[in-house]
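Chain nomenclature is as follows: A, B, C and D, assigned in order of appearance, with residue numbering initiated at 1 for each chain independently.
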Amino acid sequence: MKLPMMGVINLIHETEQMGTLTAGRCLATVPFGGRYRLIDFVLSSMVNSGIAKVAVFAHTKFRSLMDHLGSGGNWDLHRKQSGLFVLPPAMEDMTEFGKGDLYQFYRHRDYFVRSPLEYVVIARSHMVCNLDFARVLAEHRDRNLDVTVVCKSWPLARTGLARKVKTDADGRIVEMQDHFGRLASDVVSMEMYLLRKELLIDLVETTLAQGKDHFVRDAIMSRLGELNVGACMHDGFLGVVNTIPAFYRHNMELLDPDVWNELFFRPGPIYTKVKDEPPTRYRSGSAVVNSLVANGCEIEGTVEGSILFRGVKVRKGAAVRGSIVMQNGVIGENGALENCILDKEVEIRPQQQLRGTADVPYLAVKRNVI
Amino acid sequence: MRRNECIAMLLAGGEGRRLGVLTKDLAKPAVHFGGKYRIIDFTLSNCVNSGIETVGVLTQYQPLVLNQYLGIGSPWGLDRREGGMHVLPPYVRQKGGVWYKGTANAIYQNIGFIERYDPEYVLIISGDHIYKMDYDMLLSAHKSNRADATIAVIPVPWAEASRFGVMSVDEEGRIVEFAEKPKQPTSNLASMGVYMFSWPVLREALIQDEADSQSANDFGKNVIPKLLREGARLYSYRFEGYWKDVGTIDSLWEANMDLLEDEASLNLNDRERRIYSVSPNRPAQYVAPGASVRSSLINEGCVVEGNVNRSVLFYGVKVGKGSLVEDSVLMPGAVVGKDARVIRAIVGEGAVVGDGCQVGAFDSEEIAVVGSGDTVPDARPLLEAKPI
Amino acid sequence: MRRNECIAMLLAGGEGRRLGVLTKDLAKPAVHFGGKYRIIDFTLSNCVNSGIETVGVLTQYQPLVLNQYLGIGSPWGLDRREGGMHVLPPYVRQKGGVWYKGTANAIYQNIGFIERYDPEYVLIISGDHIYKMDYDMLLSAHKSNRADATIAVIPVPWAEASRFGVMSVDEEGRIVEFAEKPKQPTSNLASMGVYMFSWPVLREALIQDEADSQSANDFGKNVIPKLLREGARLYSYRFEGYWKDVGTIDSLWEANMDLLEDEASLNLNDRERRIYSVSPNRPAQYVAPGASVRSSLINEGCVVEGNVNRSVLFYGVKVGKGSLVEDSVLMPGAVVGKDARVIRAIVGEGAVVGDGCQVGAFDSEEIAVVGSGDTVPDARPLLEAKPI
Amino acid sequence: MKLPMMGVINLIHETEQMGTLTAGRCLATVPFGGRYRLIDFVLSSMVNSGIAKVAVFAHTKFRSLMDHLGSGGNWDLHRKQSGLFVLPPAMEDMTEFGKGDLYQFYRHRDYFVRSPLEYVVIARSHMVCNLDFARVLAEHRDRNLDVTVVCKSWPLARTGLARKVKTDADGRIVEMQDHFGRLASDVVSMEMYLLRKELLIDLVETTLAQGKDHFVRDAIMSRLGELNVGACMHDGFLGVVNTIPAFYRHNMELLDPDVWNELFFRPGPIYTKVKDEPPTRYRSGSAVVNSLVANGCEIEGTVEGSILFRGVKVRKGAAVRGSIVMQNGVIGENGALENCILDKEVEIRPQQQLRGTADVPYLAVKRNVI
C-alpha cells in the first residue's frame, strides 16, 4: 500500500570517520555485506514500506551514488509521476558547501511544496537496518506526535557514532546529545525523523531565519521543549556504520545466521544494483567456512570468517581469515590475509601476508597492488 | 534512420516432454540451468551481445511462467522504446486460433510483425540450446558470401549425426546437400537450428511453403531442402565452441556438470559477453562453520551447512547439517534437510528432501529426479535403524 | 509486503463496428480522440492516477496496432518491475483457442493471472469510454459499505436509459433491482461498466457462471443479476462528471466537439490528473502568416496555413493555404490541401483531402467521414468552373 | 546501425553570455524552440547517427540537466550495457573547478578506457543543428584524418560566439582562432571533434603533462602543424546559441517553414523529455499568426511572430509580438509584449506593456511577476 509520505535520504555533512573508504565515494555508497551499498538498506526499507517518492540530497563525491542508483529501477522507483530524485547541491556558490543542511533543505523546498504527500521522513544513509516505516507512521499518528525519532535501545559497546537520547516514561524525548556528549543513556537515535511536511517547512524557514542552519541540532534538539518529540523503538538489527571499527564489526555480525535471516529478508528484501555476475565457482581446492560469499567469485583457497564481495578471486593456497574483500579483489597464490579490509579491485601478490586486528584492521586502498 | 538491419525471431514454444517432472508447468526455454539462468537466457543474451535489439519471442506451450519471466525484457536490456523484446503467442482470430503448425509456420504467422521493422536480415533461433555465439559474425559471413541463407553448423560425433539435420558443404562452405535426420548420414556437420536469412528470400519461401498443403511447415524438413533444390545460395557457418541441446534429464544434468570443470568450455565469467538473467534479489550465500564446498557453482541466497561437492546450487537452496550433496543439481529454493544424501540427482524447484533421506546413488545409471515442489519425507527412523 | 491490494482488468477487445472506416484495422480502444489521445489512454491514466499499478489489458479484435501502442506501458508509468501493465490476448492451448465468450468469460480465463498478484479487490473496466475518475474513491466507498461488488453509475436521460444496464437503489445506495437494457426502464441510473469486486466473491461468481451452460458469460446480463438474486451486497457509486461512450461516428464527433467548449466539462489541462499517452515526438505546431485558428484543439507537429475553426487537429496535420476546416476532427497526419473545405467531418489517419475539394457541409445531418489513408483527389478544375 | 563511436557532450567551461538565462541552469538546458533544451539537438543527432553511448561531462548548475535527461529513456539511451552517463565533476577539491576541461577528461578517463569503441566525438551543447555523425565518421576515415572538426561556412553576421577556422585547398585546417580573434574567415567551428580514442587519451595525457589543460586550445589548436586536422562541412541549419541576441535570433529563424522542416525532421527527429501536456487550446478570441506554439497552451488573445513554450496562457485582449515565452508563462488580460523573452513561469499582469528590440530584447527572469 502507498503511504502518504515521502522519503528524504540526507547525505549533507554525514558524520563519519571512515578513512580511505570514503576517499573516492560518499558514505552512502560504501560497500557492505558482500553485494550492497550502505544506502540500500534505508532505501529498500522505504520502498518496502510503501513510500513511492524518495529524494536523495547529495552533497559531495556523489558520482558513485549516481552510478549506483541510476534511475531507481532496481528499487522499483523508476516511475512516471514520482520515484527517485537525486538532488545535487546548488553548485553556483562554493561557500554554500560549508553551510548546514537546512540551507540545502531550503534550496530544495520545491521538492516538498509540489508534492501532495502529507508526511516526510528524513533519514541518513549509514543506518544499516530493515525497517517498516508504515509502523512508524502509525505510531506517530496514534501518539499524536509532532516529530517521531526512530531509536534503538543499545546498551552494547558502540563502535559507530550515534546521538544519544533520553526519554521520559511516555517515550517522549527530553534530551538528545551528539555522539561526543556525556549523556548517559542506552538509547541511540537512528537519525530518522518523521513529521508533517508543513511542520518541516515551518522549521526550515523559522530556523534559518533565526540564523541557524543545522536540521537536527537547531530545528529539533533545541525545540525539545516546545515540540512533542517521541521515540519510536526499533527492535531489529542495527548497524551504525560510520567508523572503520563499526564497518568491520557490523559486517562480521552478518555471519550470524539470525542476523542474515532478519536483515536481508524481514520485513522486506533489500534491493541493490543488479550486476549480472554468474554463480560463485568453488574449485577443487576450496575450503570455505563461516563466510558470506557474493556471486562471481572463484575460490581455490581457504576462506574463514570472511566476507567476499562480487568477483573476488582466491587463488590456490591462499587463505583469507576474518577479512572483508570488496569487489574484484584478487588474493594471489599462497597469499594470506587476517583481519584485513580490501577496498575494490585490490590485488594481493602471491605469497604476500597481511595482518591487522579486529579493532584496527589492515585497510587497503582501492585499486592497489600489494 | 536507425533501421533494424537484422532482427531475431526466437522459437520458444518447446514443450520439453522428455524433461518430465521438471517441465510440468514450464515451457522448455524456461527450464533452469547453470545455477542462475533459464535456458532462454543464453539466446536472449547472445542477441543483445551481438547488437540485435529487436527480438520476437514465439511462445505457445505453458507460456505463463515464461511470460512472467520475460516481463518487459529489462534484464536483457531489451526494454526499448523502439524494437526490444516482443512476446508473440499464437494469435486468435474471430474464427479461432491454433498452435503454430511448425517452425516455418510460426514465422509465417508473424510476417506482419517482422515487416513493421523492415529488416534486411532475419535471424531464426530457438530457445532450447545452451551456447554463446556472436550472431554478428554469422551475419558478416552471410553478407560476404552474398548468401540467401546461412546455417550455423557444428561437427557432432558420427554416431549421433542421424539425430540432426546434417549437410555436406563444398570448400567455400556452400551447402551442396542437406538431410534432416538421415538414417545413413553422409556428413557429421549438424545444423544448430540457427538460420540467418535475407528477409526477401525468407518471406517468399514462407509464403510458398504455406501454400504447399503437403508441407509440414518446418525449416529443416521443408524450407531449407526446397531452397536447396531451387539453387538458392545456402552457406554453412562453422561454429567453434560449446553447444548443447538440453532436451533430456541426462543432457540437462550433463550440461550442468560440464560447468564444473576447472576449465569449463562454456565461460560464464567472461565480462565482455555476459549471460543476463532475472535477478532474484537475494543476499550473499552463507557457508556455515563445519560446511564444506568443493568443485561447485553456488548462487546467492544459498545457505550451506553440510557438504557440497561437484554440484550446482540455484538461488535460495538450503543444505542442512551433516548432509552430503554430490554430482547433483539443486533447483531454486530446493531444501535438503539434515543428514540427508543427494547423489547424482536433480532436485526440482522448491522441492524438499527431508532429514535423513537418500536420493540417488553413486552406482546408479540413472539420474534421480525430485519433481518441482515435491517432498521426500523425513527418513530418520529408517536411517537410524540402517544407516548408510 | 507491497501487496497489490487492488488490480485492474481492462476489457479492450471491442471491435467498434459502428465506427466504420475509422476502425478498419483498429480495435475500438485504439481509436484516436481529443487531438492527442487514444480512447484507452483515459482508463489507463485513471488507473495510474488512482494508484493502481497492476493492469491486465484483455485484447482480441485487431490487436496489432493496440499492442504496438501499449508497448511496455512506459507512457503511463506502467513499465514496472513488479506488476505494471500486461497484455492478455485469448490464450491458445494445444487443442486450439477461441475468442472470449463474454466479458465474464474473459476475466474467468485470466483467473490465473489475477491470482499471481493475490489482490483483495479487482476493478473491472472497459477501454471504450471517455471519462476521468478516481477509482480510489470508488474503492473507499466499496470498503466502507463492506460491499461484495460496487457498480459506478451515472444518471442518463430517461429516453436513453433503455440502452444501458440500469438499477434502482435504496437510500444507502444499495442496489435493489438491476435490469440490462430494459424496454421499460424503471430507473435512469445507468451502469458505467465500472465494477469494483471483492476478489473472493468475484472468483466464486466467475466459476459458477462458467459452469452455467445457459449463461452468456456477461457481467451485465448474467453475473450481476445472479449475485443480486443471491442477496450479495451490491452497491452503487454515483459518479459526477463527464462520461461518454464513443461507439458511433456521431458520438465520437460529439465527444471531440465537447472538448472545444470554453469551459469544457472534461478537463484535459488539470495537471494533478493528467491523461498520459504515447508521445509522437513532433516539434511545436506552426501557424503560418495569413492563417487563423479559433476555438480549436491543435497538437504538436501541425502546420496550419489556412483557417481552422471549432476543430480538433491531431499531431502532424497539415491545412493548406486558403482552406477552411470547421466543426471537424482531423486524425494524425491528415492533410488538407489548398483552397479545400472540410466541414462537419472526421478525416481519418493519414487521409488526404486534395486541393479545392469539399468534404461535408454545414447543412448536412450526417458527419462526413474520410477513411484512414483514403484520398479525396484534387478538385481544382471543377472548382475553377464552379467555385463554392 | 551502431557506429563504433562514443559521444561526449562537454559542458565544462562552455563559452556563454546568456545573462539570467543561465542563472539557475547550465547552458545545455536553456529552453529552445518551444519544447526543447539546447542539448537535445546534439544528443538526438548522436542517437540518430547510431551512437549508443553518450557521456555528458557536467560541470556547474546541472540539477536541471539531471532532471531533463533522467535515465536517457526519452533518447532511447536507457540501456543495459551502454547508454547515457552524466558524469559530475570531481567535487572533493574545489580548486579543480577552475581548471581546464582536460583535467576533467583525465578524471573521467575510465569512461574511455573501459569501452571497446574505437572513435570518440566530443561536442558542445549549444550548437543547434541536426547532423549525421555517421557521415562525419565516413569522411574522417576516407580522408585519413587524425582529427575531424565539423565546420560551417557562415558568411552572415554572427550573433553567437564561435571559433573561426581557416582551411587549405584540401580542407585541412591550417588556422583556428577563438571567437575574439582577428582571423578573417567565413568558416566557423561547430566544436565537434572526432578522433580515435587512443589519440584522445594520448593528447589528454601529453598535454596535461606539458602543464596545459584546455582541450581545444592546447591539445588541438597548438597541434595543427603536427596533426592532420580536417574540416568536415555541415550544409544544414546551424544556430550558435550562446549569447542573448543569438538565442533570440535563432529561435525566430524557426518561423521559416524550411528551417522548421529541416531542423526538426532531417536526418532524424529531435527528441526531448516527454511532458504529457494536452493539445493547445485556441479559444474563441484567439488570433495567432506566424508563430510556433507548443502543447498545453491556452490562447484567447493575439500572438504574432512569436514562440510559445508548453503551458503558456495568453488571456483575452493580450498581444504577444516578436516574443519568446517559456514554459507556463501567463500574459494577463490586455497585456502586451513586443520583442520580449520571458523565462519560465513568468506572469505578466493585466494591462502591463513590455517592449524591447530585436537586438536587445526585454528579458524577464524566471518566476517573476511583472
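Operating definition for what follows: a contact is a pair of C-beta atoms (placed from the backbone, for glycine too) under 8 Å apart; a residue touches a chain by one contact, two chains touch by 3 or more.
Since this is a predicted model, take the numbers as computed values, not measurements.
Using CA-based centroids throughout, the chain positioned farthest away from chain A is C.
The chain pair with more C-beta contacts between its two chains, of B-D and A-B, is A-B.
Rounded to a whole number, the gap between the C-alpha centres of chain B and chain D is 47 angstrom. Distance from the chain A centre to the chain B centre is 40 Å, each centre being the mean of its Cα atoms.
For chain A, residues that reach two or more other chains under the stated contact definition are 73, 78, 269. Of all residues in chain B, those touching 2 or more other chains are 74, 79, 81, 276, listed in ascending order. Chain contact summary for the complex, chain C toward chain A: residues 1-3, 5, 48, 51, 74, 76-77, 79-82, 272, 276. Residue ranges of chain D in contact with chain B, taken from their complex: 1-2, 47-48, 50, 73-74, 76, 78-81, 116, 267-269. Listed in rising order, the residues of chain A touching chain D in the complex are 60-63, 66, 70-71, 73, 78, 86-88, 90-92, 94, 97.
Those residues of chain A that touch chain B in the complex are listed here as 33-35, 73, 255, 257, 260, 264-265, 269-272, 274, 276, 278-296, 298, 303, 307-308. Residue ranges of chain B in contact with chain A, taken from their complex: 34-36, 74-75, 262, 268-269, 274-277, 279, 281-300, 303, 308, 312-313.
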